[in-house]
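To keep things simple, chains are lettered A, B and C as they appear, and every chain counts its residues starting from 1.
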Amino acid sequence: MKRDQVRSSSGRRTRFAGAKAVLSGALAVSSLALISVGSATAASASAKKITVAFVVGAEADPFFISMNAGAQAEATKLGVNLIWQGNPSQYSPSTQIPIVQQVISQLQSSKPSALVLGPTDPKALQPYVNQAIKAGIPTFNVDSSVANLKKVVSFVTGNNAQGGAAAADALATAMGYKAGKKYNVAVGMTSPTATTNVLRFQGFKAEVAKKYPGIKIVAEAYSQSSPTTANSNIQGWLTKYSQGSSTALNGIFAIDGTNAEGAASALQAAGLACSATSCGSGKVALVGYDAYNTNVALLQQGIFAALIAQDPAKEGMLSVLNAYNFLTHHKVKGIKHLITLPNVTLTPKSPAALLTKYTYQTA
Amino acid sequence: MSRAVSEVVSPSSNEGEPASWARRLVGNQQFMLFVVFVAIFAFFTFNDSVFASVSEIGNNITDFSTLVLLAVGETFVIATGGIDLSVGGTSGFAGVVGAIAMEHLAPHGEWVVLGVGTLVCLGVGIGIGLINAVLMHYARLVPFVATLVTMGAAEGMSLVLTGGAPVGSNFGAITLTEPKISVFSYPDIIIILITVVAGLYLHYSKFGRYTFAIGSNSFAVRAVGVNVRRHLTWVYVLSGALAGLTGMFIYMRLGSGAPSAGVGTELVAIAAVVIGGARLTGGSAQLSGTVLGAMILTIVSSGLIIMNVSPNFNQVAVAILIALAATFQALRKGSRADV
Amino acid sequence: MSDPTPLYEARNVYKNYGSVAAVKDVSLTIHAGEIVGLVGDNGAGKSSLVKVLSGVYQPDAGQLIVDGVERHWKSPHDAMLAGVETLYQDSGLALDLTIGANVFLGREKMKPGILGRLGFLAQKEMDAEAAEDLERTGIAVHASKRTVGQLSGGQRQAVAIGRAVAWAQKVIILDEPTNHLGARQAGEVLAVMRAARERGLGVIFISHTLPHILEICDRIVVLRLGSVVRDAPTSTFTAESLLGTITGLHAE
């Protein structure tokens, strides 16, 4: 339970590795077509107002706050009645299931309606998805999915493997990668069971193997969702690879928010952090994940060489649109079953507007 | 009369006899813990000499400082026969509230900011300690449930306040946790002083005496006119206050208030107390044991990082240490019953 | 019995639990240097009366008088402060504390000067005094640094009684102090009670073990169904008549 409570930046994303593997090759282009369809049909909404209910993991997480904003904007545009539910802080099936049950009965009495669920566990939430579908409520997945996606109309999510690969590219750039030279890199993760971590790390490793033979992954450690533990892991590495005031460690991939925070503070303490103006030799290049506003601030200071950002607002927006189209046309036609949104690489040089756009919102 | 005297004396007289000092040492949990600590330290150093480097020792002391105050507070609580599950959540919540307060105070200069921040963290800790006491005394919850409630509330509130992301970045604060006197930072020294004073109070003061007495037989303590509720309130307030200070230390270490910073650390603190030889049912604990327990847990996790062993092994190692400590305690108790 | 002011006196005391009257109109006196036996069948009201006398319960009606002054106990601690010590059936010792710590529990001596003000204990002094106190009441326990948990059952009881006798200024109430003890150990407990009597304390001795009552008490008070049915010198009882009075099977 504990690990789940702080899911904010760790294992929130889907745990369904199989589905993700299929998704990893998919492109997001298809979604562009859908946007225009949605806009066109907005005016001709059917007599009865459509209700779309989202049930997410942890409502207060900026990731979901951003998703909510995207969903709300789209709902307003389409004249859809949006219900937004989720436990404030606990990312756990035990708190999510009662909410889902409640929402299903609510939706039954306000048809036409659809359920958009970001399941906190692929197996535990499966029966409730089945129940909703049986009750005639079309069901969608967002961000994470249930184990059996067959009857789910559509699943919109970020592409973790692509994000991991993008992180490898960003890190190589930040270290000034040159063929023939050797680079030591460490990876800070949350836990061995968080599939988001695993997928990002797999993508990272695959990209390194493909493009950067000089990069050696010398250490991996788990923070168990605690930035303090992440900090102490990274302190240990810095000591191990220390060479006087310099270091033999060239880069760190902080795979999630807690590691980003722990790494940034450990590098600051050791005087090995890069700055906006320089990230020369003897400093450690840091690439992080998720555009929480504190991370973006550190990016602007140059402590992060790059941040890999997801696009939760777009996930929310597309989910509403898909639900609307399905309910309006009563068929799956034109709605892609799996929609994988690529992650975006943000750097200190990214334009301010881009940084603002991708920074996760707070309440 | 003389008959009574002789009878009561006789069975005791052989126990104080000089068993060989070696046997006494082996029977002494603190000594055994020290041996274990040295052995583990030697093992890691043998594996990679960097483990004994000044810089790594400094890292270890920082980790130790993050843990030990939680374990000290937990020692008092466990000595009364209670448990405080809220210390981890409290430290995180205190750090978050402190960070937010300090962010607002930023224009007032560093020492005002840190001073007030420390007081805010302390205040949050004391507040949660009081809530624990109220839940126990008025809502009649057992300590496990009362502190489980506040643990969840504190962790949840941290997330609600921050939206899951760290707040109040102040990287200037990080420099405070860097070594200043030999391998110790100023906060390290303050934390060590607090630990020593707490140890003196636990074992040599009236407050400590009642702490153990309540854990041993609270009825007896009440019968002699001690206000047990009030004493327990102080114990949980102490535990909360130390958790609050830990929150401040974590803030300085990370340079921001992190909502998930303290999550799960209550279990590490309890592990340190148990490894240190305390009895979970109360009445028996040694602060020196707790400190050694915290030292051992600290070097085990940092040593495994240096060795680059699968981090999952850390949990296994802690489990083994707890099992060994508990077994040792049980064996020692068994041998005493034989006397 | 001619002393006009008893050490401790209960006058027309009542204690009800809801509609059940546990103690009905009980009057009782204890004089200095006297051991009074309090006997009765299970449910006769002994425990309730003891709890009223020791301050655990407040009587619903009636008076409690110590040395001629009426008192109202709010807690056992009040009674203790007035010189009335009670030894409970479950002994009231903290097993993990040393003998010395137990003897001084709730009455700790502090170190002189600033250390004492800061809350630190004068442990050596307390250990020495505890050993002395226990010895004076006929109990010698070596090494008062050992915990009570390390003592045998009889030794524990001896420490508990020794503590009560050492602190009692006026009256000591012993609730089943010989329970679970072997004959020899029980004999020692009785010896401690005699020592207390010699010190001029009033002793109330509650027991089911009638031979002990007959052996040591100066006077016996018999309770039945919450009321005193007989209060007379021990010499007026035989084992048979005492049993008969307790059970009410034949009139005395």
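Keep in mind that, in the parts below, a residue touches a chain if its C-beta (ideal position, glycine included) is under 8 Å from a C-beta of that chain, and two chains touch if they have at least 3 such contacts.
Quantities reported herein were computed from a predicted structural model and do not represent experimental measurements.
Thinking of each chain as a vertex joined to the chains it touches, would you call that graph a line, ring, star, complete, or other?
Contact pattern: an open line, chains touching in sequence.
Which chain, with its centre taken as the mean C-alpha position, is closest to the global C-alpha centre?
Central chain: B.
How many angstrom lie between the CA centroids of chain B and chain C, rounded to a whole number?
42
From the C-alpha centre of chain A to that of chain C, how far is it in Å?
72
What whole-Å value do you get for the distance between chain A and chain B if each is reduced to the mean of its CA atoms?
36
Which positions of chain A touch chain B when the two form their complex?
So the residues of chain A touching chain B come out as 2-3, 5-6, 8-9, 58, 60-63, 65, 88-90, 192, 218-222, 224-229, 231-233, 235-237, 239-240, 242, 257-258, 261-262, 264-265, 268-269, 292-295, 297-298, 360, 362-363.
Going by the contact rule set out above, which residues of chain C touch chain B in the complex?
These residues of chain C touch chain B: 75-77, 80-81, 86, 88, 90-97, 101, 105-108, 110, 118-121, 123, 135, 138-143, 146, 150-152, 154-155, 158, 184-185, 187-188, 191-192, 195.
Going by the contact rule set out above, which residues of chain B touch chain A in the complex?
Within the complex, chain B contacts chain A at residues 48, 50, 53, 55-56, 59, 62-63, 66, 155-156, 159-160, 163-167, 169, 171, 174-175, 177-178, 250, 253-256, 258-265, 301-302, 305-306, 308, 311-312.
Quick check: in the complex, which residue numbers of chain B touch chain C?
Touch residues, chain B against chain C: 1, 3-5, 7-9, 11-13, 15-16, 200-201, 204-207, 209, 212-213, 215-217, 219-221, 223-226, 282-284, 336, 339.
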